[in-house]
Amino acid sequence: MATGSGALTSPSLRLGSIGRARRRPLILAGGGIVALFVALVLGVGLGTVAISPLDTVAILAHRLFGLDLGRTWTPAMDTIVWDLRLPRVLTSMVVGVGLAVSGATFQGLLRNPLADPYVLGTASGAALGAAIAVVIPIRVTFLGFGLIHALAFLGALAAVFTVYRLSRIGGLSPLTSLLLTGYAVGSLLAAGLAMAMYLSGAALRQIFSYLLGGFDTAAWSQLGAAATLVAVGSVLILLRARTLNGLLLGEEAAVHLGVNVGRERAILLGLASLVTAAAVAVSGLIGFVGLVVPHVVRLIVGPNARVVLPLSALGGAALLAFADLAARLLGEIPVGVVTAVIGAPFFLFLLRRSRSGYEL
Amino acid sequence: MIELRDIRVEYRRRAVVRDASLTIAAGERVALIGPNGAGKSTLLRVITGLIQPAAGQALLGGEPIDDLDRGTIARRLAVVPQQATLPFATRVEEVVALGRLPHEDPFRGARPADRAAVAAAIERVGVGHLLGRDARELSLGERQLVLLALAVAQSAPVLILDEPTVHLDLRHQVGTMDLLVDLNVRDGTTIVAVLHDLGLAARFFPRLVLLDAGVIVADGSPTDVLTPDRIREVFGVDPSLVHLPAPVR
Amino acid sequence: MAIPSARRARRQPKPHRTLATVLAGIAFALAACTSGAAPSSSAPAATSSPAALATPSPSPSPSAAPAFPTTLTDDEGTAVKLAAEPKKIVSLTPSATETLFALGVGDRVVGKVEDLSLYPPEAGAIPDVAKFGEVDVEQIVGFGTDLVIAGGNSFNPPDKIAQLRTLGVPVLVLYAPDIPTVFTDIELIGAAVGKAPEAKDLTTSMQAGFDQIQAATTGLPKPRVFYELDASQKIYTAADKSFLAAMIELAGGDPITTGSTTNFEIPLETLITKDPEIILLGDAAYGTTAEVVEGRPGWNVMTAVKAKAIKPVDDVVITRPGPRLVEGLRALAAAIHPDANLPSAAPTPPAAASAPASVAP
C-alpha cells in the first residue's frame, strides 16, 4: 500500500499542510476581538441621546479607573452611559457567547448540523415559563431579576430535563430519541404557551416582546449572573471539546476512541442547556445566532471543537452586539429580526465559497 | 494479550455466542471467519468491550475489560470505525487526526508528536493523495482507507478490523492485506480481523478462527481449519468451489 | 445498536444537577455583589434640582404643610418617594398628559407618550418618548426626568417601569378601572406635582358635573345601549362592571355587557338576543357609520337598527380617564337621551387662580 499509493511527498511536507491550517483560527480570533472592541465602542457611544465621544470616554475613565479627565457631564449622561448602554452591550455579548457555544455543542453532540440551542425544547420551556410569570398575579423581584427571568430559566432547564428523561425510554438510538422527544415536548410546551397567551389579556404584549427577544432592560445585576453562568458553562464545555471531536464519526467510534459517551452526553447536555437557559432568561428568544455562527466558523477553520468553540463564542458575541446596536439605532426593532437579516445572506455567501464547495 | 473465557452473549434471551474461549497472544495475526450470522462481529465487540457478555470473561492485557476505563482500552486497542455520516465537512487529515484522541493532551489537544503520527499513518496507508479533500465526498473505498489510517494513527498494540475490505476493489483489498501484514511483521501490531473472503483470510492470516452459529468450531492454521468437510458443513457449499491460496510469509 | 453504559460507573448518567445548583449559587452571589455595589447611581432627581430640598419657603398660601419631600402610593401599591417638587415630568399616558395640562403644569412636561388624539393641542410641542408598548428609557433619563406618570395594567411595559425605578427615576403607576379612581388619580397627580389644591378643585367640579348630568337623566326610561368598541372581526363592547358600563349607566342607559368581567367580546347571537335600542359607535373615528352597521348581515333585526338609532360618539372623551370625562358623560347622555335637559357644557375649569398666568387654559 505504501508504495502503490502514488504518494509523492514526505511526511514533513504533510505536516506542513496540516500546520498551515492552524494559522487561520488565529486570524479569525484576532478579527473577532477587533469586532468586539468596535461593537463596544459604538454601543456605548451611540444612542437616542447624543453624548459626545469625549464625554463618553471621560465617564468610563471615571467609573472604571477613578480618573478625572477634567470634563463635566450631567448625572443623566453618566447614568445613560454606565447604567444603560454599557450593561446592554455587555449583555448582548454574553448572550451571543452563550447561544453560539451551546449551538455548537448541540450540533456536535447530536451530530446534526441543523441543531441550535433550542432544539431540545429550551425555547418552548423558557417561553412557557415567561408566559406563566406574566399571567400569574405575583410580582417579585430578586436582585434585579423578575419572576419572568426566573421562570424562563427554570422552564428552559425543566424542558431539557424532561426531554432527556423521556428520551431514554424506548429502543431508538439515543440521538434520534433525543431529537424526536425534543420535538414532541417542544410542541406540547408551545401549545401551553399559546393557551397562556390566549388567557393573558392585557399582558399579551409583554409575553410577545419576551418571545421576540431584546436587551433593552439589561442591567448590571442580570449581567453578573448571566455572565457567570455562561462563562463557567462555556469553559467547562470547552474542556470537553475532545468528546465533541470524538463524536464526529458516531457514538460507536467515539467509544472506541476512549470517550465515555453516555456520561459525556449527559454532562454536555446539562452544560449546554444551562448556558442556553441563562442566555434566554435575560434576553428572551433570539434565533439564528446559535445555528449559524458555529457553521460559519467551521467553514473557515474546520470542525475541531477546540477551535470552533472559542471562535464561535467570539463570533456570537460580536454578531449579537452589532445586531443589538443596529436594532437600537433602527428604532428598537426586535433583535431577532436583525440577526436573521444580517446572518442569512452572509451565511449563503459563505456557503458558495466554502472550503470544499459543497454543503455544510 | 486478548483472552476470552467461556463467553456467552445473549440477544433477546437467545444465545448468539456461546462457550467461546480464545486466546490471542501479542503479535499474532488472526482472522475470524464464518458464515453470516455466525457471531463473528459479536465476538469482536466483546473483545473491544462494546458488548458485555452474559457469562464468561474478557481480558485485555491480562486485565478484565470491565475494570478498564475507555481511555485505557483505546490506547491498547484501535478499532477501524464503521462507515458513518459526518455531520460537518471534515478533511481527510482531520478524520485521521481523530485517531490520536486517546493520546491527546486533554487541555492542549494535538501536539507535534500527534501530528507526526497522523502524517505517518496517512503515508503508511497511502491516502496522501486525498489530503485536503472533504471526507464526505470520497468513494466508499477511499473512505475505508481513511478510516484505516485513523486506526493506524491510534498507534495501539492491537488493531481490530471488522470486514475491512468490503468496499474495496481488488487492488486495494490486496494492498490492505499487505499493509496489515506489514504492520504485524514490522511493528509487532496484533491484528484481529473479521473477514468474509476466505481467500484473503487463508493467504494473509496464519491463524483462522472459524465460527458457526455462535460457536468456535475450529481454531488454527488455514489448512487445519478450512478442510473440505468443514467447508461443506459450515458454509454449505461444494468445497471444490473454494480455492485456497498458499499463505504468505 | 445500543452503546453500553460506562465501564466502571454503572450508575444512570444524569445531568449534573449539583453542578447546576452550584453554578446558579455562584451566579446569584455574583449578582448580589454587583447589585449591591451597583450604581443606582446619581439619581438624577437628587442632584439636578439643587435647592428644592425640604425647607419650604414662606409662602402666602395658608396652612400649607411643606408638600415635599413626600411619599405617595400609586395605584399598584408602590410607595414612590419624591424628594422635591418635580420640574421635569414625563407623561406616559394620554390621560396623564391632559391632567397635567389641566393642573397648569404643562410647561413642566418634558416628554410624553405618542397620542393620536392629542389634547390639549399645546402638548404637541412636547417630544414623544414613548409609544404604545415601547418606552425610550434613555431619552427619559437624558432629560433629567424627576417624575414619570405611567399607565398600569401593562399599558406601559412593566419591565421598563422597573428599569426606570432602578435608575432612580420616580414612577407613579396609575390605573383607573372605575370612575371614582379617575378622581383619586387626578388628585394623586396633583399631590405629586405640588398642585394638590388645584387638583381638588378640578375633581370637585367634575363631580358636580357628573351629579348634574345624572340628575338630568334620573327618572327617564333606560334604553338598552350597545356601545360598539370594534366590530371589524369579533364584536367588542363593555365588560360587566367595567368603566364603560358604569359611564353608560350614569348617562341613563342600560348597557349591554359581555356577561363576563374579563372578556370584552360578545357573540353576535347574544347581541341580537339582547336587542339593543341604541347603538353607539365608539369606533366612529375608524370609519364606522350607521350605513355600515345597517349593512351587516343579521344586524337588521335589532330595534336600534330598525329605529335608526345608531349614533357616532367620540370614544376618546368617553373612555379616557382624565379631566374631560365630564364631557364624555355629557356626550353619552346626549346620545342616549337627546331630549333630556342636560346642563350646558361648562368649560373645564381653568387652572386655579394661584397658577402662573402663562399656562394655556
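Which chain is which? They are A, B and C, in the order written, and residues in each are numbered from 1.
Methods note: contacts are C-beta pairs under 8 Å (C-beta built on N, C-alpha and C of every residue); 3 or more make two chains touch, one makes a residue touch a chain.
Just so it is clear, the model here is predicted, and its values are computed rather than measured.
Each chain's centre was taken as the mean of its CA atoms, and the one lying most distant from subunit B is C.
Relative to the whole-protein C-alpha centroid, the nearest chain centroid is that of A.
Inter-chain centre distance (subunit B to subunit C, centres taken as mean C-alpha positions): 78 Å. The distance from the centre of subunit A to the centre of subunit B, with each centre set as the mean of the Cα atoms, comes to 41 Å. Residue positions of subunit A with contacts to 2 or more other chains are 252, 255, 260. Counting only residues that touch two or more partner chains, subunit B has 50, 69-70, 73.
Taken residue by residue, subunit C touches two or more other chains at 3, 6-7, whereas all remaining positions touch fewer. Those residues of subunit C that touch subunit A in the complex are listed here as 1-3, 5-7, 9, 13-17, 19-20, 23-24, 26-28, 30-35, 38-39, 41-44, 47-48, 133-134, 136-139, 141-144, 153-155, 157-160, 162-163, 166-168, 262. On subunit A, the positions that touch subunit B within their shared complex are 1-2, 4-12, 14-15, 17-19, 107-108, 111-113, 239, 241-242, 245-246, 248-250, 252-253, 255-260, 295, 298-299, 302-304, 306, 354-356, 358-360.
In the complex of the two chains, the subunit A residues touching subunit C come out as 47-49, 63, 74-80, 82-85, 141, 143-146, 148, 157, 160-161, 164, 173-174, 201-203, 205-206, 209, 216-217, 219-229, 232-233, 251-252, 255, 260-263, 265-267, 269-271, 273-274, 278, 332. Considering their complex, residues 48, 50, 69-75, 77-79, 81-82, 84-91, 93-95, 97-99, 101-102, 104, 106-107, 109, 115-116, 118-120, 122-129, 131-134, 136-137, 147, 154, 171-172, 175-176, 178-179, 182 of subunit B touch subunit A.
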